[in-house]
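Each structure below is given as structure tokens.
Shared between the two complexes below is chain A, which has chain B as its partner in the first and chain C in the second.
Up next is the complex of A and B:
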């Protein structure tokens, strides 16, 4: 049971959030003042630098590379995860057999598997896609499996009583009943696939944001590192926030 | 043994056997993957010769440092945030978004700030683990049944006594989940950082072996890390089950 929070108006909440954001910026600025320009660029400096590098267009090829690999990896992870999850959720015994294995694989440091992926796929987009998908597919499978498992049997019985056709059963009963859980899986899988894609670019790649980050370490370009980090964090947070809104709406309706 | 467990063992053994035959017959080339039996024998030789000791100690020490810091900071942060609803309300959405941020992107920044030593990877391990601990501490404190707190008040227990003898035991299962996740995450953070860029440790050695086409060492090391993490996770899982059994769950 959640302890009841005193209900606050939107204004008060916005105020608290503004205070928090202000604190973060203040700490950042302080670190910049203490450490100097070499250690950390200031919030304003980072923003200006980011705006300038976006405007100059140098970033685009790398962005496109990362986004392309990420998109393919995510589509793969999502389709394989939903399919595998549906099968494992429907067939109880296979689900029971697979679940502990999936959970175990989920909690190992998958970075260590990256050299194997590289040996199988070679340096390039193949390895990036495979590694990104590897990160995302397991949570999507697990969430989908739970969603399918937890469909109330009475729904299916009721549908059968009404002599529903298999296609309509899927469309009007099974899909709406599992959608909230599946979507949560897709949301978690989104961020993990992003991590996987970026990691693989950081370790072995000649392009993309991860590659740019590693190159910037070598050249000691703090401004590039800070602005890329800033962009990635913002992208991840905004994507997650958007998906969280949909997620909440789906779960409330269910 | 349950049927599912038997089947699981059979499937896993079958998978290893399949990989073994594929490698032995040359369907998977040797420079791509070596047979699992050779991975094991190579690992045994490395362990026997004591070649892993330095890197193993280094990685484990870093994991321990990150883990300890994450558990302490995560627990204290959780307790403090729980006590102040206003802070809680502001922090909650951020905590739920925390794991959507790829923490590894901060690693280059920490390397520039602290140099190429063990500090950046400990920080990454810590950052990965601390949120799991905070979230689960909050969860645990949320789920302390109000009736327990009322009972404590009936007995006129002080704040400290209530905390140690009522709240802490009641929240323990959730705290345990937090610790379990923190272990997994600090391993991921530390080994991952070593692998990307570092001056030593197990992750570094894997990368080193990869760049030298030394598949025997590389696969042995990967096997070692996976085995180590699996053993740690499984013992924590067993311990958790024991705790739950004592509380009368299942």
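Up next is the complex of A and C:
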């Protein structure tokens, strides 16, 4: 066997995707026809409106604000999560103590913590970053911890028989051995951090996509709501698809 | 100092256990291996075979006694002339076959030309030429174990320690891998110490077989097989093979029974 396991061809997968996208569009159009313009903007109407608002440039400052807060939140969640996960995975006792606590904290609806976050950080980018990072950091910690914990001991033993230096052991064995799991954590954490950032913008912010959405809901601007939702879905979909490709490639080797 | 390649004198391994009396896993063991010898160790499960290998390799420290390789004492560091192959698949899944084989050479800072030459040689020797760019996940268990053996060979060890390297493989593959191991042994002139639980494997491959007792493992007897250096797996058909295997089993039967009773809790060591 020289080649990887047989996979559905690119053509077949493109076809599957086209069918799925067609179905979504059909349901969307149907909802528009049944509910009317007040309840649901049509797919075409949304597309036209989106193109127009992008061209007018009025979306850009809000997009920039969301992207900025999200980027900081994600970098924080990723670095804290990977670091904490590595420590907890390496030190078995701490890991066993921390795991149920983390899972329990994670299962709390984080919106209930929002008032506390807001009191701590105040309205604005501080609360957005904190709330976004809060969503992403726990899954990244848990995935990293499991990755470090599940390194096969024989890898380390084999490396020792090749007289490897401690720094090389970390760089050429421990890091690549944990990378697939860590990356899965980063992928899951990406979507969750985005959710957290947007939620925070919706409840306590004067800028960003979340704020725009809230304003549009208040004023019942259906076309703005649909156009923003469309843009967010496209962004999340593309980012996730790209990360999923890398994820699969890493896991196929393991 | 003796001129043996590997010399063990009074080697023991005791594990300290919190709140319990210490566990004597191994020894005392005295053993001399001469250079270029093929020595196998058989013993009941849990008798400390793998502990013995770890102590010789320098992966774990002897509690008492001395291990010396080529006249130099081994203390907690794997000597440069020693290569080890384990039972568990130790091929790195994130590296291609050729990068796996080059791993040890790269860490030692070997220059690229020499690394490539040795990797190409090892690929050819282990029949891995067609798989140089494949990842271990695309290979069978037997092929992956070849990768691990090749990764050890390129470091040109003078002593190769094998810890049940074919334990996870089916019987036919094991016999064939045994033939390949004999070829390697002849070509490299290395001393080989093979840990195995398979009596036929030990009887077929080695010059001498050390039979270990149940825990704490020590040598009950060292059986000479008397095979010629040019042997291969066809000797399993010879009457002498039956004689050697029979001798090993008659030594081991009582010990295996003891080991089984420890495991089922019928008796305490």
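The rule is simple: the second predicted complex is superposed on the first by the 237 of 254 C-alpha atoms of A that agree within 3 Å, B and C clash if a C-alpha of one lies under 4 Å from a C-alpha of the other, contacts with A are read in each partner's own complex, and residues count from 1 in each chain.
To be clear about the criterion, a contact is a pair of C-beta atoms (placed from the backbone, for glycine too) under 8 Å apart; a residue touches a chain by one contact, two chains touch by 3 or more.
It should be emphasised that the depicted structure is a prediction, and the values quoted were computed from it without experimental measurement.
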First (chain B), second (chain C), both or neither touched by A:165: second
Chain B versus chain C as contact partner of A:11, first or second or both or neither: neither
Between chain B and chain C, more extensive residue contact with chain A: B
Chain B versus chain C as contact partner of A:233, first or second or both or neither: first
Contacts of A:96 with chain B and chain C, given as first, second, both or neither: first
Which superposed partner A:57 touches (first chain B, second chain C, both, neither): neither
Chain A positions touched by chain B in one structure and by chain C in the second: 1-3
Residue ranges of chain B in contact with chain A within the complex: 3-4, 7-8, 11-12, 31-33, 85-86, 88-91, 93-94, 96-97, 99-102, 104-106, 108-109, 111-113, 142-143, 145-146, 184, 187-188, 191-192, 195-197, 203, 206-207, 209-210, 215, 218-219, 221-222, 225-226, 229-230, 233
List of chain A residues in touch with chain B within their complex: 1-3, 5-6, 8, 13, 16-17, 19-20, 35, 38-40, 93, 96-98, 100-101, 104, 107-116, 118-120, 188, 190-191, 194-195, 198-199, 202-203, 213-214, 216-217, 220, 222, 225-226, 228-229, 232-233, 236-237, 239-241, 244
Chain A contact footprint on chain C (complex, rising order): 57, 59, 77-78, 80, 82-84, 86, 88-90, 92-95, 103-104, 107-108, 130-131, 134-139, 148, 151-152, 155
Chain A residues touching chain C - in the complex, by the definition given at the top: 1-4, 152, 154-155, 157-158, 160-165, 168, 172-173, 176-177, 179, 252-254
